[in-house]
Each structure stands twice: as structure tokens, then as C-alpha cells.
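The structure that follows is given in the form of C-alpha cells.
Chain naming follows the written order as A, B, C, D and E, and within any one chain the residues start at number 1.
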Amino acid sequence: MNVLEILRLLAPEFILLITGFAVIGVDLARRRQDEGKTAATVAVMGLLLAALASVWLYLGHPGEIVLFTMAIDVYGLFFKTAAFIGVALVIIASVNFMAGRSKYLGEFYALLVFAALAISVVVSASNLILIYIGIEFLSITSYILAGFLRGDKRSEEAAIKYFLYGASAGAILLFGLSILYGVTGTTDLATIGDLLLRSRSAHWLGLVALMMALAGIGYKASLVPFHQWAPDTYDGAPTPVSAFLSTASKAAGFAVLGRVILTAFPQLQPDWTQILGAIAVLTMFLGNLTALKQKSVKRMLAYSSIGQAGYILLGLVAVNQSGNFGGMNGLMIYLFGYIFTNVGAFLLLLAIEQKSGGSTDISQFKGLATRSPALALIMAMFMLSLAGVPPTVGFLGKFYVFAAVMNQQMLVLGALAAVNTIIAAFYYLNVIRHMYFSESEVEGGVMASRGLMTVLVVNAVMVLAIGIFAQFFMTWVNNSVSMIIANGF
Amino acid sequence: MSESIFNLTWLIPLPTALAFFAIILFANPKKRLSSKIAVGGVIIAWILSWAVAIMFFVNPEFTEQPFDLAVPWIPMGNIVFHMGVAVDAVTAGMLFMVGFVLTMIFIYSTGYMSFPGHLDPEKYPDAAKEGLDPRYSRFFAYISLFATGMLGLVVADNLLMLFIFWEIMGLCSYLLIGFWFDKSYPDPKQITPKAAGLKAFLTTRVGDVLFMMGLIFLFIHAGDLNFQNIFANQEFLHELSTTTVNLPFFGAVTWAGLISMLIFWGAIGKSAQFPLHVWLPDAMEGPTPVSALIHAATMVSAGVYLIVRMSPLFSAAAHGGSGVMMFVAFIGAFTALFAATIAVAQKDIKKVLAYSTISQLGYMFAALGIGAWVAAIIHLLIHAFFKSLLFMGSGSVIHGVHHGHEHAHAHGHGEGGHEEYFDPQDMFNMGGLLKRMPITGWTFIIGGASLSAFPLITAGFWSKDEILAHAWADGHMAVYWTLAAGAFLTAFYTFRQIFLTFFGSPRTEAAEHAPESVRSMTWPLVALAFFALFGGFVAVPVDFPVVGGLASDFLAKLMEMQGEFYGLHVAPARFDWTPALISMTLALSGIVVAWLVYGWKPLKAKQSDPLRRWLGPVYTVLENKYYFDELYYFIAVRPTLWLASFFYLFDRGVIDRIVNWVGAFNRWLARTLRRWIDEYIIDGAVNGVGLVTTWTGAVVRLIQTGQAQNYLLILLLSVVILLLLIPFGS
Amino acid sequence: MVGQILFIFIAVVTLLMALGVVVARNLFHAALFLVGVFFGVATLFILLEAEFLAMAQIVIYIGAIATLIVFAIMLSRGMMGKHLGKYNKQWYFAGGAMIFFFGLVSWLLVKMPFAPVSAEAPADAIQQIGSGFVGHYVVPFEVASVLLLVALVGAIMLARERNS
Amino acid sequence: MDLLRSSVLSLIVFLPVVGSIIVALMPKEKEDLIKKFAIWWSLIPLLLTIWVAIDYAMNFMHGNQMAYQVKLAWIPSIGVNYHVGADGLSVPLLFLTALLTTLGLYYSARVIRKRVKEFFLLFLLLSTGMFGVFVSLDLILFYVFWEIGLVPMYFLIGIWGNPKDRPQYAAIKFFLYTLAGSIFMLLAMIGVYLSTGTFDILQAAQTGVWTNAPMFATLSFWAFFIAFAIKVPSFPFHTWLPDAHTAAPTAGSVILAGVLLKLGAYGILRVLLSLFPGQFAQFGWIVAALGVIGIVYGAFVSLAQTDLKRLIAYSSVSHMGYIMLGIGAVAVALNMKGTEGAAESAAMAFNGASLQMFMHGIITGALFFLVGVVYERAHTRDLKVFGGLSAVVPVYYATMMFAGFASLGLPGLAGFWAEFFTFRGAFGIVPWLAVIGVIGIVITAAYILYRIIQSLFLGEYDPKRWTHWTTVFGEHADGPTDMALFEKVTLWPLVILMIILGLWPTPLLMYFNEAATNILSNLHF
Amino acid sequence: MTVPLSWYLIFATALFSLGFFGVLSRRNAVAVLMGVELMLNAVNVNLVAFWRYLTPTDLSGQIFVVFVFTVAAAEAAVGLALMISIYRTRKTINVEEINALKH
């Protein structure tokens, strides 16, 4: 394992590290005059470069442990690419929004880059310690990002709540990991998996560790019993940060959950299928039903993202060997599509917030179709994708997840998921209804900055493209799944 | 040569159809032109039909192998349904009658359709100037379509095509009865034309639906509906009359019985027999040519024609032991008597004729019921002639009285504004019109005599007597005596009508000034009067002492031969003195009694009907037609409307709410529809989704308190629960 | 035998001090108790022959974190005057839940079939830890360094006096 | 030639989308350019469908296989491919869709004044969805087009519906109904894949679905059936129809009644009949019973209506009952293989159901246009307000008479044949249900004559009863004005079709008859 | 080596529970932070005990503890910074009053 090889395999991480410092450097050099524009461009360049690196790495189909703790495999690389693109989109869109709001814009973009770094580390961590340090690194950067708008009461409140919840959940996660370490004596996931496979007695001990770890990781993916911080934080945090939190960091949560469960606890499948299944149903129902009641679109999106997390978890619950309907490919394509849709939806709120001076109430959306048809069309497309109407990517994701659930003959779960789609369809349609059918209470079209517009168009195109050219993306997802499943079972 | 003539049969319904489309597409604005097109079309059809009919009469050998020309028309499954035209003795007879009567009525209506009384001229200036009905051309379009329907029905070679033309006639009768749709009467109880049209269509529709069921069952069993194919092969009829199907409360019924019963109900609907008769009298609201055309000559007789066509099936059913023939006879006889009784107490000239038509049709069905196939057909043909004559006569009387009323009114006799409504059709406003309208008068008397079967000289006597003779000969005494009573009453009300309208002194100024009708109206009356008198000789039985040998009853013989072809063994009625004498005495006594009551001491103006005093309450019952209209309204119309509104409430209330219970938008519904709010709160418990969303709302408020430490507490509790699951869960 | 008595003594003292942290009305006393707990834990490390950790514990926890907390208390002193109740409304429920949690987890841990190995702690533990940082766990090490940097930048950015 | 043959179906399906994209690119202000373009553009698929009809009749008539088949891989990993084809059943329906779309666009060009560009864009998109459903032979492709058809209709009802009829509530109810059904259908489709290994309808039919697990087969059957029954709509699931129809703009409700309702019925005939013959035979009588209830219930409720459009909407529920009765009869016949005449009655019932699909399309399409005609002038649909219009607007009266009488099944007009065949089939197989259904015919005659013709046209015309009349172009008028040229051009093709098909149904029946014999022989009848 | 492993585990769990109780019930944010520190310390004891009794030769237990130190430090820094900035804007450090964002 010579240095060049390490450099090649850990290329994305190194690139991000350098970009982070470069961003801070550039911002200092510009002495904070240009509201972080150059810093943002450098950050975006770095992220895209990292994304390219991980795609290039991906094509080489690596599947090996690097430096004892980093498992560079197609599974991890898939999530890295998705996260990097997500963060890049967030940065591009938020330049205009963040311009007047804070002096430390250089730090803001640097933090986002470091958050991306944290995700790329945690996603391919195959060692308990690295998992813990990665999650805490991601959490801490998120606390700061959440509380970035110093003067703003909502942003600080969001940050403090997130901090308190994250710290306690982190402690419980740590407790779980320590028990796991105690039981198996090693910190490497793969060896833990083999040890637990062999010794029957460690069976339910593993479960205790898993339950506690579930709390720690589950909170990141905002699964129901551990989701309560999410609505307040998404609502309070600056919208680009909410976009980041609800997509990239959630994807990281699912990636870690997937890796830990599939590598460390494969033989406990009957147990965690039931528990995760129950959690998934709870998440879907609570997320969707509360979203029904929301007046503010931002808060509605927060709860809808919790609901969507329920669906994504279904992919994991119904994981199985069969090539096409293995569940994990459902989870991944759903997540991939979800990142684009949710980033798009939150960022669109930016434009609305800017126009209405901070309020994201549904009444702001009334008659948007007449005032700014392009934005309305894009938002309608995101809503339809979240509702799962073909030919969008949302449908593709739901299709594969449903397929996996049906493949495992979990009819009740399938039926409950279907009912949820109907409930969810209602409040997604509600937004469309306000935009297209009712008269606008607010005058004047909604102005979106060039950066935001490009991001929205890119997202909208991706949402449709993945839906239609499903085959291209599915092959990409399928063989990244075969990697993780093969060594796991 | 004869073969080529028959090839023209399919052309018969065509001219009037082309006339219909020509009028509605092109000639609508020009009234005179459209009437010329219509009359031209019907004349061509008349010539063609007479050519075919006479050609058939001339060479009777066609009864063995009736002419049939069919073309493949509709693919059904792996067979193709053939449609075409057929001519046999019955068709020939009908063609002869229908062609002629249609033409007479078309010519008559060109004169009759002048500017109607109930429209005020200012609204239709040009029509008033021309003196024609504003919707003159539309009328001719409708009657051309009607003519197509009737002609098509007569020449049809299969039951489905017959059914199609049958319904087209139903449509035309609806359009024509409701022709003066904007006419309304001060007295709300009196039925308006538009309501009469609707009533006619719906009542006949009930019959048609049962007819369609019969047709479909026949089609299922026979695989084909062509008359000659089905009724010519005996083993099919035998098989049909033996296989049984058990119905809920009828028990085991043979298929033949069931099909013929259903088809008979179609005939009951169309020919206005007992249970479904209510629409015919109200159909008099239409213009008189329509009443003559539809409700005397053609449409109502279509029902009889259908049963005549179906008689092989009926007789097979009878052999198979089903009582359908007896049922037909009973309905026929009962309707004959029942309608006659009502006719006695009517004061409207057209209503009397309407009930008399129902009664005469009753005679025909009674004849069919007792198997007198030939008598029924002959009475059908002859009745068409004198009944259309009577209707047209009454039309010209009404026309005259109306003009008289206008005339009197114009001369200042009327006091200023429109005095109370003057009904030109009410016989008690007429009197002594024979002097004013001689041609109409005398032709009317001839028709009346023929209707009441004035012995020996009128055609009506021979055809009705034939039926009575058959009833007597075959020993159906119950049927015979009802028909005989009916005959007496027929004579009585016919001559009551004649004495009231034509004899005595005019009771109103309108009657005094009633002018004779235009030549185009009176000339057809004369032509029909000729047939009313001499038509009967076609049916004079051979062995009648004096006149027997004179005219060869070739038509009767022709029908008998045709019967053989269809396996109906129709015994020719040997002439027997007793029934003939009884019917003669009945007819004469009817006339004498009528003379005693109305002719001897003619009524004065404003004098009510003497019968009212003698019959008292019975008279009012008869006048109100045994209250059948009210009865049907009570047992049929009101429950349907009530059921409709009940289902609608059920639809909006229950199902929608169940749906809302399922759909998640109930909360949203409450928010947007304020007026529903009470219902939402009242049965909030009922609609579950509303409940679920309020419950989750409450739960969310409970746990999403915004307190970070509450969240942590719940985090702890969830971890504890998860840990508890392990020892107990797996 | 001596070890056991020593362990029990240290454990009990540390737990009492921990209770003090939680119960102390005055925040200052709580901070002091916290330092005591850190010290107790350090002695336990020594008992477990993890000397390096004990030293690190003292330097980091007491030296850095405790002082940091004291600074925070000093900075938010203004609020001290009001002395409103130290517990929020839900402390009863939380207490009960915690006792139950403690019982459940300790029951689970005790039931665990651990097979203690009676080997000696390696002499060159510190060297091994050092080589561990740059050998097996080099990636977490780097990540930890970046984490500290980010925490640094974030803390300054959040807590800086607003000059303008 | 065979290049055209293989690409014609795809052209028909995707031309409207291309059209809608071109419309999207056009500037919003140039409204009449958009209108002209949309109408001429929709003519191309119409001509193509006519060509397909002729070509199919000439040389694909008696081969028992799908014509114009095209199979391209779409998502090969799970065997989903873009597999389209047409047979006797879908060719006439394609023509119907194209015809109604062109007429709808032509009519709306002069009537729609609000947000014109979006209207035409959505309308073209809608026709793609409908074309797609009629040609797709792959379950997922079927599902995707099924949903694509849903979204534009949602907007059409919501945006252009008139405010008094709660369009938003109607739109959302319409969307959620269909979505609820189709989600469970999606699960059932996945079930089909799991049991047969393919999404292709034809192959799955051969291998037989869930042959080993009857419980799943029944569940999947009911999932499919409910999704289609909601769309038909059959009895218990119909409450969305009246709201959607009354709220939708004229052209919208024409397309909704003319074609969208047929997607459900077509789905049953194409998918259910071939994939679940066993279960369908077992539950056939329920389908027939729902049909009969639909006929009678729909007829009675229509009788109670005072709003013209809502009345016609309920009449569609009743008319669609005939289709369900026909289909139910076919299903019951499946397990009456032994008895003679069952095969023939089944063919008749199938013909009846498919005929009713086409005839109801043109008849109710015409009726809704006619409602539009009167609504554009009187701006109200309350029947109590009109009276005696027959004298004032004769052309409108004549056209409404044709449409009305065709709708009540008068022989000589199109509606009769559908009813005749349906009852001919139904009486042969489920006589008792058919007898109840027959009541519907009388009530249909009642509500059409009594509610529509009577209150609209007959009686005394007095101008004082309703004063704010306008001409169809919006200027004030003191009374109802007769049909404008564009309205005549829209309606008369439908009336002519009604008359021709009424007198001689063979040009249409030969397709359906051929499809009936093929499908029933595939079920080895 | 007389002290059995389970004693350490029980002690660690007790300390953890006390810490969590502090987090759950204290009003003052800083006190909550102290609770968090207690919990982390408890887990450190746990880790070291496992290392000592189960895998004395493999030092990953201790290394884990060192990383926990770094995380604790970083967390404390960021946490306190947040609390101070909130104190500046809302003049309160009481967790209960920070509940503007809810349901």
C-alpha cells in the first residue's frame, strides 16, 4: 500500500481537505469584501472535483480497506458522489441568500466543505472509532452551521437544540459502541461481523449494542423516535443548511446505518427487520400526518423529509439477496432522487423567503403559477416527484422500495406504505393547489438569483432524467449494492 | 315480372326518409316547399306499396314461398346478422292500407296545419301572414319520418329491424304529440301537449323494454330473428314450446310462453291496451292528422301487426300448454268493453274517438286470442280506413268550429278581452253542423256507421261480425258476450257523437258560423268514405246468401293460405245466422237508443249531458277514466321521483362521507367549506380521518413542545423500550 | 483484596461527587464537583493501569474542559442572581426513567458472559498508543485534528464579541 | 411501409408531447398562434389513427395477434420494456381519443380565455397519457401513462373549473381517488412480476399469474379491479365523477367522459381478463352486479338532478354500468364453458361492452359540448331557469335531440347497439341481473326527456325568467343565440357518427368483434 | 486484579445514568453540558475496563478513549460558544425558555 495508492484511493478526502483550507485562505485574501463569492466558487470547484474523483474511483470498482479503517468501495463512493453534488448545489444556490446575512461567509462555505469531508469519511468508515469520530465531526460542523446566523434567535435556538440532542445521542451511540467493543474485543466492523456470526451467545449482546447504536445513527437519519430535533432545527436553521441537513447528512446517516447493519449484524436480520420495520411505519405515518397540519411550507418539508426517511428505511428493512429487488438498490436510488428533489424544494424556498422577508407560509405560494410560472413548474415537479408520480425519480425510488417489500412478502408493510403515499400525495398536492388554483395574495413575481435558478433547473432536469432514463442509473446503483450485500451475507 | 317488382320493396320506406332529411337539412325555412317534398315522398311510397300489394294479390302462389331479400349487415360473434325486406300476404295487406292512409293524411294535413289558435300572431308575423303553423315544415319532417318508420316496420323481414322501426315510430309519436309544446291550458289538471308526449313515450317505452327482452330471449334461442327462418321450421317451435324455465312465482313456464308474453306486453304498450292505455287519450293533444295517422291507422295497429307476425309462436305456446293465448283474448275483450264504457261519457270529440280506437283494437286482440287470425287482420285493415276518416272528420269539424269562433269573435260578439277559455273540441259547443259542413257531415256519418257496424252496407259490419262469428263458432262464449256488449256501446257512443255534433241546432255562435273545410281536407274524407263502405266486401263470407257470391273474399282466402305456410290451421268461419242477427240487432238498437237520448230532443245551449243525470256518480267515474291517471301517478310516478331524490341524498351524504372518511382531505374540506363546519363537529367522531388528523395534531402538540429536554426524555424512553424488546422480543 | 476496597472507596466518592454535580444549587459548586469526578475517574484509570490515560484525563478534562466550563459560568454570571429552581418540570419523570435505565443496562451488562483474560498490561503501552495513532488509526487521528480545527473556528465565530 | 407500421403507434403517442413542448416554447401573448398550432398539430395523430384503422382492417384483420408491435428495452434489469401494440379493441379507442382531442381543442380555442397557453399545453400532454394507455402492453408502461394522464386532468379541473362548483375540491378528489387505486395496482403489478418474471401482459398471460398462491392471485385481482373500477367509475367508487364533471371546463369534461372513463374499462378488458381469468370468472357476478346497480342507481340519481352538467355526469355513471354488466357477463361466461351458447353470449357481451365504450364516448362527448354551448350563453346550468328554447334556438334543439335520443338508446342511433349487444350477452349469461338492468332503460328515457328536453326546450319561452344572456363570444345578448359555426363544426361530426353507426354499426363492430373472438379464443373458450 | 470487570461496568452505567439525569433535568444549559461530560467519562471508564480485562495487549480501547477526549473537548467548546451567543441575544441560559420553534 504505497503512498501513491493511498493518495489515489483517498483522493476525494484529500481534495476536500485542501479545498476547505483554500476557501478560508481565499476569503481572508479577499478580506471579506465580496460576500464570500470567490470562496463559494472555490468550494464548489473543490466539491465537483471530489465528486469527479469519486466517480472515477467508482469506475475502477475498488473494494478494499485502506489504512485499516477506511473501506473504499463502490457502496461508499456512491454516497460520496451523491453527497458532494448535493452540497455543491446547496452552496451555489445559497450565495445570493447568505450574502447580506453574515460577515463570516468564508467560514460558512468552509464549514460546508468540511461537512462534506465528514460525510465522505463516515460513509466509508469500517471501524467503530472512525464511525464515532466521523459522526461527531459531521454533527459538530452541523451544529455550527445551524447556528451560523449569530443574531437570529431562530437559528441559535435550532443550533442549541440540535447540539443538546446530538450530544446525548452521541453519548448513547458511544455507550453502544463501547459495549460492542467489549463483546468482540475489536473495533473493525468486518471482524465484528465474523465474530458475532460464530458465537451464538454474543447474539443478543450484539442486539443491545445495535439498539443503542440505532439511537445514535437513527437521530442523524431523523427516524421517528429520534426525530424530534429535526423539525425545529430544519425550521430554525438558515434554509441552505436545512437543505444540507435534510439531504446530505441524512444520506450519510442511512449509509452508516446500512454499512453497520449489513457488515456487523447480518445474522441478526430477523430481529432488526421487525424493529426497523416498526420504526419505518412509525416514521412514515407520523411524518406524513403531521405534515398535513403544517401552515409553513418549510416546516411541512421538514416533516415530509421525515416521512420520506420512513420510505428509505423500508429499502433497508426489505433487504434480500435477489438482484433486482434487493431493497438496498431501492434505498439508494430513492435517496439519490430524494437528495435532488429535497435540495431543490428547500432552495426554492430561498427565493420565496427572500421575497417575503423570511416567511415561508403556504400563503406565499398562492397564485405563484401566474406570478412566476418557471418557479411554480419546478416546485410542482419536485412535489410530484416527492409524491411518487411517474415519470419522476420519486416514482422510481418508490417502485423499487415497494418491489423489495413485495419480494419479501411483507404485504402489511406494503399496504401501509401505499396508504402513506396517498396521505402524502394530499399535502404535496396542497402546495400545487395553492400555486396553480388559488388567487395570489402577494403581488410581484418571485426573483431567483442566477445561481439559484441554475441549481433549480439542474435539479428539475435530474428529477425527470433519472425517472425516464432509469436504466442508466439503476445499473450504477445495482452493482454498488452487490458489493455491500455480497460480503455481508 | 313479379319478381322484379318485389325487388323494389326495400325502396318503399326510402322516399319518406329522404324527404325527412331533405326537409330538416334544406327546406326548413320554406314551408310550402317542405310540405310539397313530404307529400311527394309519400305519394311515391304509396305507388310503390300498392304496386307490390296488388302484384301479390294477383298471384297468390307467393303465399307458399313469401319473397325475402336480405343483405349481410352486422357481424355478431362468428355469425353475420342479415337484414332485409320480405313480402307475404299480411305485408301486402298492410302495405295496401298503410300506403293509402298515409297519403290521405299527408294531403289532409297540408290544409289542417293553419296558424294555431293558442299562438299570438305578433310573435310569428310571417307564419301568421302565410296563415300556416310557424313550425309547419318541422311537422312535415316528423310525419315523413313517421311514415318511414311505419313502412319500414311493415316490410321488415326480421324482428330486430321491426323493433328499430317500432322505436322510431315511438320517437315520432313523442315529437308529434308534443308538437304544440308551448300550448298550455288555464286548468292545471288538464294535460299539456308536452306532458302528453312524455307520457306517451314513457308508457310505450315500458312496453318496448319488455318487447326487447322477449326479442333477446328469442334471439338467444333461435340464433336468428328472420320471420321465415324461425316460424317456418316446426321442430324449432316445438323445441321452444317444450323446454321450460322456472320463474319465481310463475313456476315452470315454457320458453315459447315467456317470449310471446313479453312480446305481447310490447304490443299492449304500443296499441294502448288495458294496463298501458292511459297515453292514447292524452295523445289527442297533438294535431288531429297526427291523431288520425298515429292513433287510428298505423302506429297502434303496429301492435296488432306484431302479434299477427308472431302468431306461429303464440300458437306453438298455446300447444305447449301456456295460457298466453287466453291472456291475449282476455285483455282484448276486457279492453274492448272497458274503453267503450269510458267513450260513452266523454265530451271531447277526439277523446271519444281515442277510446273507440282502444276498444276496436281490443276486438282485434280478442280475435287473435281466440285464433281468428284472418278476422283480426281484416278488421285491422278496415278499421284503419273508417277510423282515420272519423278522426279527419273531427279535425275538420274542430277546424270549422275554431274558424267560427274566430269569426264570431271578430264581429264584436265577444265582450272585449278574451272571455273564459272556449274549447273548440267540446261536442257540447257544437250542434247542427250538418247543414254548415255537408261533406264533412255525411262522410262522418258513413264512418260512424261503419264503426258501429251498421248492418250489411258498411265494411265495419263485415269485419267486426267476422270476429263475433268466430267467437260464437269456437264456443268462446265469455269473449263473445263481452264483445257483443262492446258492440252495442260502440253503436251508442258513435251515434251520440253524430247527433251531438251534426244534428239539432247549433248551441254556440261558433257552431253557427262554422264554415266547410278547404277542398284539400274534404277530398280525402270522401276517398276514405268509399273504402269505409265498400272495403268490407273483401271480407264477405262466400256462403252469405245474397251478396256472398258477388265479391270474392279473395283477401280472406289469401290470408288462410298464408296461415297454412306458417302452420296456423285457420278454419274459415262458415256463415251462421244467429251471431249475424244478434250483432245486427245490437248495432241498430245502439243507434236507436242514441237517437232517443240525443237526436229526438236535441240539446239546447249550455244544457248538460242527460246521461249525467241518469248515471250520476257512475258518469263522473267514467268521465274521469276510472281515475287510472291518478292511480298510475300515485303508484308509479311519485315513487320513482321519491326514490331518485333518496338515492341522490344517499349519494351526496353517505357515500361522500364514507369517502371522506377514507380520503385524508376532510380536515382541509372543513377549513375551506365553512357551512359544513357544524356537520364536521357534530359527527367529527364519525369520519375517522378527521379524527386521525385531530388526534395526531394533539399528539404532535404534546410531544413536539419545543422543549429540547422533552425530546431527550423521549429519546431515553425509546432506547429503554428498544432494550426491553431484546429479552422479551426475539 | 486491598484493590477491591480501594476501588469501592474511589467509586463511591466519585459517584457522590457526580451526584453533587447534578444536585448542586450553585453552579460553581457543581463545577467543583465536576472536577472532583474527573479526578476520581483518573484514579480509576490508574487502578486499571492505564497511566497515560489518567494523566491525559487530568490535563485535558480538568485542565481544559473544566476551566472552559468555569469561564462559561463566569460569562453568564449575570443570570445567577435570580436563583430560580435548578430543576425543570420533568425531573421527577427523568429521575424514575434513569433509575430504570440504570437497572436495566447494568442487569444486561452483568449477564454478559465476558471471559476476562488475566494477562499483564503491556509495559510499553504508551509507545503502542503512539504507534496506534500513526499506524492503525491514522485516519481517525487526522479526522480528529480537522475536527478540533473546525470546533475552534466555529467556537470563535459563534462566541466573538460583536464589535460593529 | 413497415417502417411506418412499426413507428406509427409511437408517433401517435409522442407527437402530442412534442406538440406541448413546442407550445411551451411559444410566447404567452401569441394566443391565437398557440391555438392554431395546437389544433393543426392534433390533426396529425387523428390522421394517423385513421390510417391505422384502415390499415388494420385491410391486412391484420384475421390474424390472432397484436398488430404494430414494437418492443424496445427501457429498464432491462427488471424486464421492463417499451412494448406497444394495437388490436381490434384499441384501434377504435385510439381514433375516439384523437377525435375528441381535436374537437376539444377546436372548441376550446374560442371558449377558453384564461391562461390559454397552459390549457393547450396540458391538453396535449393529457392526450399522450390516454394514447399511451391504449397502446401499452407492458404493465409498468401502462402504469406510467396511466399516471401521466392523471396530472394534466387534475390541473384542467382545478384551474379552468368555474369557481361556483368547488373546482379545487373536485380536482383533489379526482386525483386522490385514482392515485389511491393505482398505488395498490402498482403493488399488484409487482406481484405479477414476482410470480411470472415479466411485466409484459402477453407473456404473463401465457405463464399464468400466481398459479401457485391463489390467495395472492385474489388479492392482486381485487387490487387491479378496484383501481380500474374507480376509473370506470363503477358503483361504490363513483362519487368523484359528478364533482369532477361539473367543475371541469367543457372540453375537459368531454375528454374526461369521452376517454378517461374508458381507460378503466379498457384496463379491465386488456389486463384483468388476460392475467386473472380464474379469479375474474369466480368474481364475475360481483362485477356484473355492480354494473347493474350502477345502471339503475345512476339513472335514478340523474332523475333527481336540476343541474344539467351534474345530470349528464350521473348519466355517465349509469351508462358505464352497461360496460361493467357486459364485462361481468363475459367473466361469468368464462366458467360456463360447458353450456352451449355461452361462447356466443360472451362474444356478444364483449362486443356490447366495447361498443358502449366508443358510443358513450361520442354521445356523452356531444352532450357535454351541448352543455358548454348553453353554459357559454346563459352562464348557468340550473334547468329550472330555461324553457321553450326549441322555438328560439332550433339548430341547438335538433342537435340536442339527436344526442339525447342517442344517449337513451333509441334504435337507429348509436346508443342502441351497445345496449342491445350488452343485454343480448347479459341475458344469455346472467339473466336475473340483466332484468334489473332493463329498468335502467326506462328511467334513462325518463330523465333525458323529463329533465333535459322538457325543461330545456319545451313549454312557454318567456324572456323574463333569465335575463343575463350573452353570445358565445361574450357580448351581451337579450336572448339565447343559436349555435355558432364553430360549435356546429364541433358537434356535427359526432352527430353524423351517431347516425351512421346507429344505422350500420359494422364499420366499428368489425374491430370489436374480431378482438372479442381473439381474446375469448385465447382464453380457450 | 481482584476487582471483577462487572463492578467497573456497573460504576460506569451509574455514572452514565447520573450524567443523563443531569442532562434531562437541569435548567441551566451549562449544567446540561456538565451532564454530557459525565456521560462521556462514564463511557471512557467502560472502554478502559474492557481494554484492561479483555484485550490488554491490543491498545485500541485506550486509543478510543483518547479520541473520546478530543470529541468531548470539541463538543464542550462549541456547546459553550453556542450558549454564550444565546445568552447575549436572549439574556437567559435556561433551556426551558428556548422553545420558540415548536410543533
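Definition applied: contacts are C-beta pairs under 8 Å (C-beta built on N, C-alpha and C of every residue); 3 or more make two chains touch, one makes a residue touch a chain.
Remember, predicted model here, so these are calculated numbers, not experimental data.
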Chains in simultaneous contact with subunit D and subunit E: A, B
Lowest number of touching-chain links that must be crossed from subunit B to subunit D: 1
Partner chains that subunit C and subunit E have in common: A, B
A-E against A-B, pair bridged by the larger set of C-beta contacts: A-E
Central chain (by mean CA position): D
Chain located farthest away, centre of subunit E as origin (C-alpha): B
Remotest chain, subunit D as reference, centres from CA atoms: C
Euclidean distance of C-alpha centroids - subunit A vs subunit C, Å: 32
Gap in Å, rounded to a whole number, between the CA centres of subunit E and subunit B: 98
Rounded Å distance, subunit B centre to subunit C centre (Cα mean): 104
Inter-centroid spacing, subunit D versus subunit A (mean Cα positions, whole Å): 44
Where subunit D touches two or more other chains at once, by residue number: 168, 172, 176, 180
For subunit E, residues contacting two or more additional chains: 16, 19-20, 23-25, 32-33, 54-55, 60, 63, 67, 70-71, 74-75, 78, 82-83, 85, 95-96, 98-103
Overlap residues in subunit B, where contacts from two or more other chains coincide: 663-665, 668, 700, 704, 706-710, 712-713, 716, 719, 723, 726
Touching chain combinations (by label order): A-B, A-C, A-D, A-E, B-C, B-D, B-E, C-E
Interface residues, subunit D side, partner subunit B - complex: 166, 168-169, 172-173, 176-177, 180, 236, 239-240, 242, 297, 300-305, 341, 343-345, 347-348, 351, 388, 390-391, 394, 398, 405, 410-412, 416-417, 420-421, 423-424, 427-428, 435, 438, 441-443, 445-447, 449-450, 454, 457-461, 504-506, 509-510, 513, 516-517
Touching residues (chain side subunit C, partner subunit A) in the complex: 108-109, 112-114, 135-140, 143-144, 146-147, 150-151, 153-154, 157-158, 162
Residues of subunit A defined as touching subunit E within the complex: 128-129, 132-133, 136, 140, 143-144, 147, 150-151, 153-154, 156-161, 163-164, 167-168, 170-171, 174-175, 178-179, 181-182, 185-187, 231-232, 235-236, 290
Partner subunit B, residues of subunit C touching it in the complex: 88, 90, 93-94, 97-98, 100-101, 104-105, 108
Residues of subunit B touching subunit C in the complex: 707, 709-710, 713, 716-717, 719-720, 723-724, 726
